[in-house]
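Shared chain: chain A. Partners: chain B in the first complex, chain C in the second.
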Partner chain A sequence: MEEYGGGGGDLLSEAMGSAARVVVVEDCVEAPGAFVLHLLLKRALASGGAAAFLALAQPFSYYDRVLRKMGCNLSLHRRNERLHFFELLGFPGGAREGTIADSFVRLYNEIQRLVEANRAGENAGQFTVVIDDASLLEVVALGSVNDVLDFLHYCFALTSEMNCSLVVLIHEDIYADEENMGLLLHLRYIADLVIKAAPLSTGLAADVHGQLSVVNKGTFSEQRAKAQKVWNFHFKGKENGADFFYPGTRH
Partner chain B sequence: MAAAGGRTLGRSSFSRATSNPVASSSGASGVKIGPNGAAFVSSGIPDLDRILGGGFLLGSVVMIMEDADVPHHLLLLRCFMSQGVVHKQPLLFSGAMKEPRLFLGTLPAPVSSSKEDGRYRAMGAAASSDGQANDEGLRIAWQYKKYFGDDSRAEHKDNKQEFSNDFDLRKPLERHLLNGQNIECVSIQDADTLSGLQDCCTSFLSKLPRKDGGSLTAGRIAIQSLCAPQCRYFEKDWDMVSFIRSLKAMVRSSNSVAVITFPSTVLSNSFCKRWQHLADTLLSIKAIPDEDKDLAKLLTGYQDMVGFLRVHKVAQTNSQVPVILEASTLSLKLRKRRSLVLERLNQAPVDGSSGPSSAASSSCSSQGSQLDF
Partner chain C sequence: MAEAVVRCLRDGRLDGEHAPALAVEGSLQCCPLAAGAMLHIAAAFASQVAAGKAQARGLVVVAFDRSPLVYLEFMRRRSLDTNALDRCVRILDCYSDPLGWKQKIQNQQHQGNSAKQFSTNKENITVYRSVKDVTKLMSSVTELGGGFEEGKKYFSVAVDSISSMLRHASVPSISGLLTNLRSHEQVSSIFWMIHSDLHEPKVPRAFECLSTMVACVEPALVDPVCGESPGNLSVLEQNYSKAKFIVRLKRRNGRVKHLYEDLYIEGNDIKFDSAPSVSIEVNQSLVPKAQFNLELSEKERSDRANVVLPFEHQGNGEPIRIYDGRRSLPEAQRDLSLTAPALVDEIKAPKSGTAKGEIHYFRDSDDEQPDSDEDPDDDLDI
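Now for the complex of A and B:
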């Protein structure tokens, strides 16, 4: 029973059910899905947990302002060490010590340290690792998909060993060709929940920004296995969140 | 509603307009301050500034997908660069050509505000006021609204002439304006890697740091045909996308805007999408077929159009809400054969003689096959 401030999050939280371990958010140029990441980050911090945010797409100031409009103060959480923000716009940085793999290893080690520290701490709440986004990890790795997959698999291992969940954003339209679907397929395979943002076939509209499909594999909960698995609904992004509604139910 | 009691949390989507109207006419720096801490520079095309909600956002990357058949991306680039020269903003230009300096000779000069233009603007204002008065007695069909001109054009004439200029594409920019200027040119045609260009960008941008609330000098980076096949680094897909990523990171923290044009068809679908995702503002040019009878029947003013401009993405500061434009495909026209204007597409009146159903079906079918609005 997640509390969603500002309403409208009901359909999405209903579709997602209780905390999934691995959530993959897919989007495309016509329908950006970053707003789902923002919602999930807010949700992770609101329920008393902690989060590590790997930001490759935007600087901290951007997320701070966006989440502030949604009622979540990232600066405060960062000061209280509930949010660990990795600003990776320039990752791995100028003086590259070693290979890309080494940089990924260092990054992973830091994340692991944080997760372990959180588990050992007094209020061992849920820890969420959010990655924005996986397609940029490939650019960082200059195309070495294996390095990216290694890194993601290590993060995935954290979710099963510790009380940790993983949220990854990936641009599915980059992987439309058969040859390079590797990363996308891997992520879809390890995901418990796949949330895909797509444009409407009729194009852009002021009232409906796109459609969201949620596939809930229910691998982590027995009751879930019998519940509804596939959800389709429309969304409209707003400054303070997003509205989710079934087609035609918009007043 | 505005935040009550000084709470910073839970701010609604309404933001108090903190922009000082006086500051917006700080024409010397050519920077316009908008809401939410946004700062804009003009694209050099007043219509485009209006459509994008102010201009090109400082700190953003604008990408323009070229059409292999027509060089209209160069028109956009030239207006962008000329605007920077007119406002004395530092400019870094890079092109897939041997001598980028020569390209500067093709930059257009601002339209001289002659009596002709003064009359045109006055006419525009008068027509709009007449239109307003007549609206009560006469219902104007929506498609003819554009002929009544823009109210804002007359009102903000003074501000506009400082922030954004109309450029005369037939007249080259005066030499002396170019000579005294901070303009750097880099050729990327013979470069094996993009590291040289990246270093130039780094040093260029390091002189233009970003500070909140200040309208400091804004800089412009213009890169023409970044993935042109004749460039030596052309095969290095990952290097190119990595360069764009680092450029974007540097531009984010600087007081500048980067405009990159690229022939999207020479990239693989996968990489083309990667480039598109990296863009903050994404535009594309589409050629218009000559002598297309179906199009001529479908659109008004077809004869004057030189191409289509499509707006795919519009940069925003600190917002997760996408910008939904009323019309994302616009026609490129040359007004009086010299200045670039963008207009919404208007469907031509249906030809009564051929019968309503057949005309409608023929226009629908041609629309489906050729046009992609």
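Now for the complex of A and C:
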């Protein structure tokens, strides 16, 4: 049963399980995956946790509008300090503030303080760091993949030290032609869970907007060891979320 | 075989030789299994050290890809108790703060608070903050290794992983580090993990050259339509549950031995399963894929057996027919088959007093298959 506004969370949540710490969402131009990020952000805030959102693609007003239609009030969460929004459209802020690496250090520092504060707080729910998106991080780092990977590594280390989770969006089709897929491959390696949005091989359709494949590596987690690791289902985007269903089950 | 590999590492170096080195290679398609293989080898080796069966007195793990606690937790699950771990395992933590960012932040904030979790050195975990400095890394490793026991005792080194190191330092500097470690008088053995698809092909090969053993973790099933989403789901699913563990051991006499096992995840542990028909399978996979056929079919085999070799005595009671390379015209017209060349009938002259020259030819190559890689000198122990 798909919950109203919840975006058919059942299939996706079932595929994701509960133990995944590092989630990488891959998408392409034909099948944008930002809606997955919105869903995960909504879920993170709804379950009583807190989140840090690193936005390089859009300003706050955009996400506010989108999530509002999904039944989640980002402005309220921001005021209550459950959501910490980093508008990074102007990142890193120019040469006078030091090198790119220094800017990443400062950004990491702020995130780390937030995570620590959340952990020490009374209502210590799950903390989620969401990055939209890694390809743009590479752009603001002026193409320095190493700086981006260093920053992502530190965020990744946070997940194991501080019991928080990391969700990163990356555009897979940008890297499709490169011999060395660099950032994409590294992210796939560190991910516990890879959610890939792709168009249907049969092309555009009114009722089905694409397919999602979820690979849950289940690294050495007892619960996941016997569970299904690879999922594939279709999705249809809606104003208030998305529906997920197996191929052919849509009337 | 994983046990054979651990045994080689445990036995360590001989006098006058460099330490044995194992390169574990994995790829994205089976990366949890490759990670598991590395953890397994580290844990199995540490158990041998703890039991006093190894040349080394301790293991230094240089951890880039995983938190040190993951190694310790895995080893604990393999029945290594805290005492044994404290005694035999040291971890150089290049995961928590590889570039010193956390320390930089602390210094900027003038916080000397060392109670923060990530900056505390636990007993057998040492945080290392300058991964770009390979020389310093070398001295940190040897310092940790020297601290196991009094006197100049052996220790072994595990690097997880070289791929992460390569983000911070060049191939020559890391090769230099590994070579220096191998030739260090106190290093008993060394093993490392590298993710082959993160680099150009020549990079893992360069590190293979430095090793005496290479263990490749390969996907159990190869999807012909690889890379596309979602591809073959069941293939993907299988490849995350089990993989092939293929080991190449370089022997001292130059021979390369191939071993093969299956490896799979069971619960939160990793297990190995010896395949019964080892050599046949590996030999078959050794035949390079070419556009021409390198194997013989059954018909071809029997035809080959029927070929009459020149100067050879058929010994089947018929008049001796020795083929002298010439085909006389009538015979050639009668016999069109190429596999049974026309023979010139010659009745051998009965032996007379004046002996003519004779050629006695004994075929000795029947048993050996062509292109077999059996080394006739294999039993020599030089």
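Convention: the second predicted complex is superposed on the first by the 237 of 251 C-alpha atoms of A that agree within 3 Å, B and C clash if a C-alpha of one lies under 4 Å from a C-alpha of the other, contacts with A are read in each partner's own complex, and residues count from 1 in each chain.
We take it that contacts are C-beta pairs under 8 Å (C-beta built on N, C-alpha and C of every residue); 3 or more make two chains touch, one makes a residue touch a chain.
As the structure is a computational prediction, the values presented were derived from the model and not from experiment.
Undergrad: Should A:21 be classified as contacting the first partner (chain B), the second (chain C), both, or neither?
TA: A:21: touches no partner chain.
Undergrad: Between chain B and chain C, whom does A:89 touch in the aligned arrangement: first, second, both, or neither?
TA: first
Undergrad: Looking at A:230 after the superposition, I want to know if it touches chain B, chain C, both of them or none. Which is it: first, second, both, neither?
TA: In the superposition, A:230 touches chain C alone.
Undergrad: In the overlay, answer first, second, both or neither for which of chain B and chain C A:77 touches.
TA: A:77 contacts neither chain B nor chain C.
Undergrad: Counting only touches as set out at the top, which of chain B and chain C does A:42 meet: first, second, both, neither?
TA: After superposition on chain A, A:42 lies in contact with neither partner.
Undergrad: Identify the partner contact of A:136: answer first if only chain B is touched, second if only chain C is, both if each is, neither if none is.
TA: First partner only.
Undergrad: For A:173, is the partner it touches chain B (first), chain C (second), both, or none of the two (neither)?
TA: A:173: touches chain B, not chain C.
Undergrad: Where on chain A do the contacts with chain B and the contacts with chain C coincide?
TA: Chain A residues touching both partners: 180.
Undergrad: Spell out the part of chain C that touches chain A in their complex, as residue ranges.
TA: For this pair, the touching residues of chain C are 28, 31-32, 35-36, 67, 69-70, 74, 95-99, 101-102, 104-105, 117-118, 167-168, 195, 197-200, 229-230, 233-234, 236-237, 240-241, 265-269.
Undergrad: Which residues of chain A touch chain B in their complex?
TA: Residues 5, 28-30, 32, 34-35, 38, 58-59, 61-62, 65-66, 68-69, 71, 73, 89-90, 135-136, 139-140, 142-143, 171, 173-177, 180, 203-206, 209, 237-240.
Undergrad: Across the complex, what residues on chain B touch chain A?
TA: 8-13, 36, 237-239, 241-242, 245-246, 248-249, 252-253, 268-270, 273-274, 276-277, 282, 312-313, 317-322, 324-325, 328, 373
Undergrad: Touching chain C in the complex: which residues of chain A?
TA: 101, 105, 108-109, 112, 146, 149-150, 153-154, 157, 160-161, 179-180, 185-186, 188-189, 196, 198, 211, 213, 215, 217-222, 225, 228-230, 232
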